[in-house]
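Just below sit the structures, each encoded as structure tokens.
Each of the next two complexes has subunit A plus one other chain: subunit B in the first, subunit C in the second.
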Partner chain A sequence: MLMMHFLDLQLGDRIITLMAALVLVLQIAMVTQRWIVVHIRIFAAQSFFLAMIAATIAWFNHAPHLYAAAALTVAVKVILVPILFERLVRRMKIHEEIEPIVNVPMSVVISGGLTLVGYVVAESFYRPDEPGLGHNALAVAISLFLIGFFTMINRRKALTQVLALLSLENGMFLAAISLTYGMPLIVELGVFFDVLVAAMVLGILVYRIRETFESMDVSRLRRLRG
Partner chain B sequence: MLLFALLLVPFATAAASFFVRPRRAMEAINVAGFGIVFLIALALAAQVLAAGTISLANSFFYADSLSALVILLTASVALVCSTYSVGYLRDDLHSGELGDDETGKEQTAQLRMYYTLTPLLVFSMLFMAVSNNLGVMWAAMEATTLASIFLVTFYGKVTSLEAAWKYAIIGGVGLSMALFGTVVAYYAGHRLPGSDSLSGLNWSVLAQHAAQLDKTSMRLAFVLILLGYGTKAGLAPMHTWKPDAYSEAPVPSAAILSTALLNCALYCLIRYYILTSRCLGPEYPGQLLLLFGLLSMGVSVPFVLVQKNFRRLLAYSTIDHSGIMAIALGIGGAMGSLGLMLHMTFHTIAKSLLFLSAGNVYQHFRTDLFVKMKGSVMRTMPLTGVVLFMAMLAIIGMPPFSLFQSEFIILRAAFEGGHVLTGVFFVLFSIGLFTGVLLLLAGMVLGPAGDTPVVARRPWRDGSLLALAVVLVVIGFWVPSPLLELTREAAKVVSGL
Partner chain C sequence: MIERLIESVTQFFLLLALAPLVTGVIRTLKARLQTRRGPGILQPYRHLGKLFGKGMVIPDTASWIFSATPWILFFSTALAGLMIPMVAADAPLGLFGGVLAVIYLLGLGRFFLALSGLDTGSSFGGLGSSREMTISALAEPAMMLAIFTVAIGAGSTGLTEIAGSAIGQNWRFLAPAQMFAFAALALVLIAETGRIPVDNPDTHLELTMIHEAMILEYSGPYLALIEWAASIKQLVLMTLLINCFWPVGLQHTWFGFGALQEIAWLLAKLLFLSCAIVLLETVNAKMRLFRVPELLAVAFTLSSLALVSTFLF
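The block that comes next holds the complex of A and B.
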């Protein structure tokens, strides 16, 4: 019986590691991506795998409230936010590509370096005496956070910065579920509500910036100094 | 019961303002709503003083004297700003600042946005102050940002979009760090009994078992929290959104952001400071706070000295004061905490008065720049001039105004606590600020009359200014004993002594 439980945990750990790896790959794909619509879909795919991780942890650890978190992730980040943003893109008729500041090969190298940093930081949380899932997931979470930061600095288009901010939030969610099997449900509810509202508010703001400046290039926002 | 009412009233105010049509009704609802909130806040403070900590709904809501003080300050600023904004926005409406749509539909939509978002902003701040759960506290703090973004873009100018963008993105990054910090703090307490229930993230539970929290995690959590909520408080180097947002938002909103919201961000920092210092000793969080506090004071000095725009000048002064409060928290101990609480109270009064009188000046001269102002404020608008000058003297810490007392207490705590270097820099930076603000604002207020006509009386705005000014003067000489008691109790919560 105990053996069975242990094997279960190992299986769960493998599934989670696999999916966490996919999430990380998608994050790096986002760094290299040049088209906004594809960028949005990658974000949706990443959020989907994140929801799967949450569901897996819920299954193997018997933490039912994580199912709710997974369902919320699918509803908000896989369906609502991408639909909202794609409509925004269509409405604004964006055809131009995303121009990163650092070129693509260099960005991938930097993202690799940030992943290493993520693993080093996650090491200090590793407790060999506590059997648990998702030690790798924490490292991925911290990497997502750091790469998200890098993407925000690297991109000048307003909408890509918003997507980077949301992927940063994905990192946070992964950290929460891998460290503590998720925060209490009501907190998650609050966080998801905020994410949804933030996506809408930032979407409107992006739209107005685009209308006013006839561009989403935020490096044009430089009137206010001193 | 009081706690529920405290949250229900601003929310109902927002909803009602959203649905009513006429402008006068929106104004009346806002003023009445904030008046009731203020009364409830007073009653809550009285109850906390008399009966101690209140907790409700399975201690989901929690109010000790620290929360009561923050709530009282928030509610009073909200009340003053709501009466002021009636006059302010009417002036904007008549002068065509809200667009020149003939039918008036556009203007009404804009006013509705203002009168709906302001109560929502206040609602989220009050929710933050009464929530025991650190995660809910975070969500409420994020909600304050979301509610205030469209207040910053209120005038729809090119520059206001830029300011709002900076505010949203820098604030968003900051708050995501704060969320990470919250997660790590939750992890730090994951071995406590009952940690997987909702109360596992309750501040009161964590504070009770602070000594058993995981030390490594708590160390990381505090850094993340300091960076995160420090961004909201405008501590350097995360302060860059502040001057933009404060100079683009309508003046009453800017006044709320720079006083009540600053208090709320500091409140979050204080809550985590208490946890961290009980877990790791006061040394570790204290040093970090001193560093960021001194940096904020230091950064604001050069920007104040060469400032050309008076609303940005006020923003840098707020950055300086948030630095001062971070230093006070960093020094800690009984006296540092008392200094912090007094400073928070006095700064809220003086800075909101300063912002509101600066709003009068802006609306009259239609410029933010010192060089473009023809004629002195004192000659063209005597009442505003006097009040502005007084508020300025108060904010730079001139006796007999009360900020002198609180800064003096903080300084004394610094030297007694052995933070000599901090004390020396504190004095140096204060002198820099003193000179900069005094030179620039005095130049604006005093001087010969220009060719601008003397303004007529404006009951809504002048009334709010006078009320605040009376409070500022009185509090310089005599702090009502219940208020003093409340600050003392709040300081005890911080220092644990």
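The block that comes next holds the complex of A and C.
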């Protein structure tokens, strides 16, 4: 019985490790991406893998309320927010490419370096003697967090900054579920409601910035307008 | 001793015979996927035969490098091919060098090819050489780090040991480190063999060509040698990718009743990888030359992530 449980954990560990790696790859893909619609879809895919990680943890750790979190992730971050943003993109008729401040090869290498930092930080939390789920999940979560921050700094347009913020939030979600194996459902609900409201408010805000300044470039917000 | 000799000779001829076929299969599959009929999978053999039967035009300005390059390129590539595990995990010339020897034998060929591009003094040759060197300088670190990831697992840079340690772990490539390294090496394979997001192997369009620009002055048997070497290099890199990361059906030694079965597995896996390459070439457009470093930066980052995740966890 104990042996079975251990094997189960090993399998779950491998699945989660693999999916966490995919999440990380998608985060780096977002850094390289120039087209905003593709950027939104990569975000949706990343969130989908995140939901799968949550569901896997729920299955192997017998934490049924994590299913609810997974379902909410799919509903909010895979379906609702991307649709909202794609509508926004269509309504604002954005056709131009994303122009990062640091060029793309350099940003990719910087993201790699940030991942290294994430792994080094997470290593001190790693206990090899305890069989746990997804031993790289925390490292990936910290990396997502750092790369999300970097992407926010690196982008000029408000909408892409919002997307970076959301991927940063994905990192926080991953850290939460991999450290605690599921927070109380009420906390999850609050977080998701928060994300949804934040996305909507930021969407409206981006639209207003665009209306007022005829551009989403936040570096133009320095000037005061009366 | 005599077994080694038989192995080496067999693998040598297998390389020479199989390489044009792989090129032909990729071309035909690609044509079919684009709803063209395509030239048939044996066309590269006919093409090589035709070129060997022709005379040569050698530019007046060319030095000895021009005539030496096809031979050096051909034999260094074939020698690199003998150092990789192809039929079995046991590479025929595995005792002479590991993966570093393979990478730098390929590098030697590339160096002479770039020199010969410069040698004739034509502007296209120089352009091709400079592009080729830029791309290979960026691809090489990614390739090294990806291979080192596998080498750490095996505890050796010998390819026999690397492929040997992979035997029996058919789904090992699902581990994140292996997956990162595999993806990085696949990107390097595309860049090194001049496949579509990086270079277009089918055209002589002067603005975009890389490999073709260097060999523009070659004709007849020399051109045949160079094209043959290019397809051998492609086969070598594909085999390396397959046998290090996806060792289904691989055995430790050559002799024994499984040798034919091993070759069948190798062909099946090569076909699978060719299909993947064809799909990738068809759905992608060629990148602008200045975007290629972005692709290779992704490859480099992936392979360093692979290395980091093997070390830290």
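As a working rule, the second predicted complex is superposed on the first by the 222 of 226 C-alpha atoms of A that agree within 3 Å, B and C clash if a C-alpha of one lies under 4 Å from a C-alpha of the other, contacts with A are read in each partner's own complex, and residues count from 1 in each chain.
Operating definition for what follows: contacts are C-beta pairs under 8 Å (C-beta built on N, C-alpha and C of every residue); 3 or more make two chains touch, one makes a residue touch a chain.
Since we're looking at a predicted model, the values are computed, not measured.
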item: Combined model on subunit A where subunit B meets subunit C, clash or fit; value: fit
item: Inter-centroid angle subunit B-subunit A-subunit C after superposition on A [Cα, multiple of 10°]; value: 150
item: First, second, both or neither for A:201, with subunit B first and subunit C second; value: first
item: Subunit B versus subunit C as contact partner of A:108, first or second or both or neither; value: second
item: First, second, both or neither for A:219, with subunit B first and subunit C second; value: neither
item: First, second, both or neither for A:136, with subunit B first and subunit C second; value: second
item: Superposition-derived comparison: subunit B or subunit C, residues of subunit A touched; value: B
item: Least C-alpha distance (whole Å) that remains between subunit C and subunit B when both complexes are overlaid; value: 20
item: Residues of subunit A that lie at the interface with subunit B and also at the interface with subunit C; value: none
item: Subunit B-touching residues of subunit A, taken from the complex the two chains share; value: 63, 124-125, 145, 149, 152, 158, 161, 165, 168-169, 172, 175-176, 179-181, 183-187, 190-191, 193-194, 197-198, 201-202, 204-205, 208-209, 212-213, 218, 221-224, 226
item: Contact set on subunit A toward subunit C in their complex; value: 14, 17-18, 20-21, 24-25, 28, 32, 104-106, 108-109, 111-112, 115-116, 119-120, 123, 126, 135-136, 139
item: For the subunit B and subunit A complex, residues of the former touching the latter; value: 133, 135-136, 138-140, 142-143, 146, 149-150, 153, 156, 158-159, 161-166, 168-169, 172-173, 176, 179-180, 182-184, 186-187, 190, 196-198, 200-201, 216-217, 243-244, 247-248, 303, 306-309, 312
item: Residues on subunit C engaged by subunit A in the complex (per definition of touch); value: 174-176, 179-180, 183, 293-294, 296-298, 300-302, 304-305, 308-309, 312-313
